[in-house]
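Across the two complexes that follow, chain A remains constant while its partner is chain B and subsequently chain C.
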Partner chain A sequence: MEKLINIARGLLESGKVKTIIGYVEGPTGRIRAAFIRKPEECSKLLINQNCIQNLAVYLLKPEIREFGRPAVIANIATQRSVLQLAQECQIADGEIDVIGFYAGNTIVEFKNFTEIEQRLKEVKLELTSDDAKLIEKINAMDTKQKWQFWVDEFSRCIKCYACRSSCPMCYCSRCLCDCNQPQILSAPSHLLGNLEWHITRAMHLAGRCVACGDCGRACPVGIPLHILTMKIAEDVLKNFGKRAGTTLVKEYALSSFKNDDREDFIK
Partner chain B sequence: MSSETKILKKSSVQKLIEILASANIRLMAPQKKGAALIFAETKSASEISYDHIQTDLSAKSVLFPQTEEILSYSYAGRDVNMKEREAESFPELVLFGARPCESSAIGLLNAVFTWDTQDVFFKTRLAKTTVITIGCKKFDEYCFCTSVGCSPADKRFSDIFMTPVSDEEFYVESLTKKGDDLIKRAAAVFTMANKTIDVEKELAKVPVLFDIDALNKKLPDLFNRVEIWKEQSLRCLGCGACAYACPACACFDIQDESGKEGGKRLRCWDSCGFSTFTLHTSGHNPRHIQAERWRQRVMHKFSYFKDRLKSIACVGCGRCSRNCPVDMNLSEHLKSLMEA
Partner chain C sequence: MSDFEPKIIAFVCNWCTYTGADLTGTSRIKYASNVRILRFPCTGRIDFMYIVKAFAQGADGVIVSGCHPGDCHYTSGNFHARRRWIVFKSFMDFLGIETERVHFAWVSAAEGAKWAETVNSVNQKIRELGPYKSFKNLVNVGVS
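Our next item is the complex of A and B:
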């Protein structure tokens, strides 16, 4: 912790960085994001196993970028999002500082995004056992059971869009589901409208989701919707050998065409 | 109404459901749906949750559904046939196990829906609903009902108020004619209480966190202190989880869904936290950053609503804060506004 606080303080004192996007403890003991702009406030920063929010979601927020150059305290999911956002030309290398942390509170101050790419090669990117178990449970269902499972879950959706808001990869300034000239997706929160939204969302994140799980954690009615994009991410890895948020090379599994692309999955 | 107090045993609730069902009355109660605790139609008493602090979503949806058809239309050649939704066909309901805060929030919804235009859908639903509230034995760090004029013994807009007197029994007070009618209808499940109890003594004591009248007076002066609203809302992601979980938020949007043969007009919940809430057709957005939307949320609940409808539009249930994915904590922010 001392090391993290010293790095953050140093960055603010030198003037290189104007705000530290990090974690602090709120009044109820929950960990929350904070935007520290004064060196003397760096002592509030902390890292522990509860620092799970993907802070990359704040990297594109105008009010935060207004402060000037940010440094983000980045867990593995946040680091992966930084790479994916860079790959999608939403942030440029050199524009932000990234301070990574790993199990056992190892802290790494990255000099550039390529260093993150290198470092992530040494990290095992596996789903949590709960998520893996749920995917396994759904895999074991037949098509009808799967459909019923998701119909039951999504019938509870209230379309608060906490899933969209909490996702660093959902950065469209105007989301498709908010367009009404013409109305592309059904806006009301009835079952059809809910399914249209969640299927569209999952497909838009296919091969781009870094599996942080924040959408599922954000859901006020506990829909495990993160499982959809995680499952797609596993399928993309299996079929195309690509995992989002591991490389700076711009090459979407699902939107780049090569002459020797496999076609055996088209039925 | 009736000064006679009764006892209802938890073990008799199944019988109550059956008596109501035989008269075509549906019982809506807190129950687990997937990972969420919400109000839904209950056919089996074993599904009802009693032990929670608050449900994840409030009982609001029972009286003000998230998506509600208000009219339908069909095409007949070059003509359009419009059909208004008949509110008379709404079923009779019993809202069972609401917390005192969310029952008193019915008064806030009622104030909005009968302010100028009389909303026939809300009014009919309310008229056909009997509200059975259960007082709170416990609270958590998100509860602040006593800071906004409510309490664990708040009986406003309850037809029947029940106080847990043991793990198995509720002390039952009927407060309205609707409450009396329900007890009469289901006389077999209620027994006479053999003593009067001091309900407030039995229920939780929630500490007061701030002076709501002082806050209400101060808020207009804070409107232009942009830096305060900006600082508080930096981590806000602009979703609608707070507004949709809130028992008092009543904003809605009208959506038309049309097909080849006709369509429907639907009333859907909306939230001032969304950037599209105030987006004009021209592309201009008068609340262009989240700070302005957060300020609107606080000002509407704690200043404008009182100016217009004589009450604070918050009952301190804490759902907005419990549900917030990024720990926006309303009572903490209200306290800090007092200190600003």
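Our next item is the complex of A and C:
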């Protein structure tokens, strides 16, 4: 912890970095994101096993960018998001500082994105057992049960778009669901529109989701919608051998192809 | 279900399947009139939401068809579409959308007979499956 605080303080004092995006303890004891802009406030920063939010979500928000050059305290999901954002040309190497941490509170100050890429090769990136189990459970259902399961879940959706706001990959300045000429997705939180929204969200994250699970945690009505994107991420890995946020090579799974991609379902 | 007439929406590419369907007509091959053909510049242009929208608007079946791999007018549109369909088909299945109602095909401009056969077989299959009630019912949820 001391090491983290010292690194953060050093970065702010040198003037290289204007904001540290990190974790602090909120008034009720919950871990929350904070934007530290003064060296003396760095002592509030902490890391522990509850620091699970993907802080990469703040990197592209205009109000955060206004603060100036950020340094982000990055768990594994955040590191993956940073790589994915770099791959999608949203942040350039050297534009931000990344301070990574791992289980056991190992702290690494990355010099560049290539280091993150190298480091991630040594990390296990499988889904958590809870998520994998839920996907398996739904896979085992028949079509009617699956449909009923999702209808029940989506009927509770209030279209608050917290899933979109919490996702580092949902950075479009104008989302498809905000377009009303033509109105592609129906706006009210009606079951049909909810279904359309969740299909669109998941498909637009196909091959880009880093499986941090923040969308599911952000959902105020507790829809397990993170497994939608995780399921697609698993499919992309299975079929195309690509895992989002593990490489800086600019080759997006759904805008590249191989001549021998599977086509057993096309008659 | 003798009085059930399936509504089938076909999303086809301009260069192969649409021309192929033209050939079916000029060859005077008869096929089921239940299909509504929508022409797109390329299979790469066929968004996954079109399939969802078709069902929401009352379609019972959907055909998505374009050029064979390697024949795309724009070189690679159908390769990209193929990847998207691999992902989306599995995703539809995960959501419980009846994927047997969505038929993917490659029909070239020379395969007029194959087009007729595709439409007829899909038509037959949808007749057996009946109307896609579970999706159509969504529209009326909460409407009294």
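Here is the rule we go by: the second predicted complex is superposed on the first by the 256 of 267 C-alpha atoms of A that agree within 3 Å, B and C clash if a C-alpha of one lies under 4 Å from a C-alpha of the other, contacts with A are read in each partner's own complex, and residues count from 1 in each chain.
Operating definition for what follows: contacts are C-beta pairs under 8 Å (C-beta built on N, C-alpha and C of every residue); 3 or more make two chains touch, one makes a residue touch a chain.
Model, not experiment: these values are computed from the prediction.
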Do chain B and chain C fit side by side on chain A in the superposed arrangement, or is it a clash? fit
Name the contact category of A:Met1: first (chain B only), second (chain C only), both, or neither. neither
One more residue to check, A:Gly222. First (chain B), second (chain C), both or neither? first
Classify the contacts of A:Ser165 with the two partner chains as first (chain B alone), second (chain C alone), both, or neither. first
Taking the superposition as given, does A:Arg262 touch the first partner, chain B, the second, chain C, both, or neither? second
Would you check which partner chain A:Tyr58 touches, where first means chain B only, second means chain C only, and both and neither mean what they say? first
Touch check for A:Pro27: first (chain B), second (chain C), both, or neither? first
What is the contact status of A:His190 with respect to chain B (first) and chain C (second): first, second, both, or neither? both
Here the angle between the directions from the C-alpha centre of chain A to those of chain B and chain C, rounded in steps of 10 degrees, is 90
Rounded to whole Å, what minimum CA distance do you find between chain B and chain C in the overlaid structures? 8
Common interface positions of chain A, toward chain B and toward chain C: 190
Footprint of chain B on chain A - complex, ascending: 26-28, 30-35, 53, 57-58, 61-64, 152-153, 156, 158-162, 164-166, 178, 186-190, 193, 214, 217-218, 220-224
In their shared complex, at which residues does chain B touch chain A? 33-36, 38, 56-57, 66-67, 141-142, 230, 233-235, 237-241, 243-245, 253, 255, 257, 266, 268-269, 271, 274, 276, 289-291, 323, 325-327, 329, 332
For a test of understanding, state which residues of chain A touch chain C in their complex under the given definition. 138-139, 141, 143-151, 155, 184, 190-192, 195-196, 199-200, 202-203, 206-207, 228, 231-232, 235-236, 239-240, 253-257, 259, 261-263, 265-267
Help me check something: in the complex, which residues belonging to chain C touch chain A? 48-49, 52-53, 56, 69-70, 76, 79-80, 82-91, 93-98, 103-106, 118, 134, 138-139, 141-142
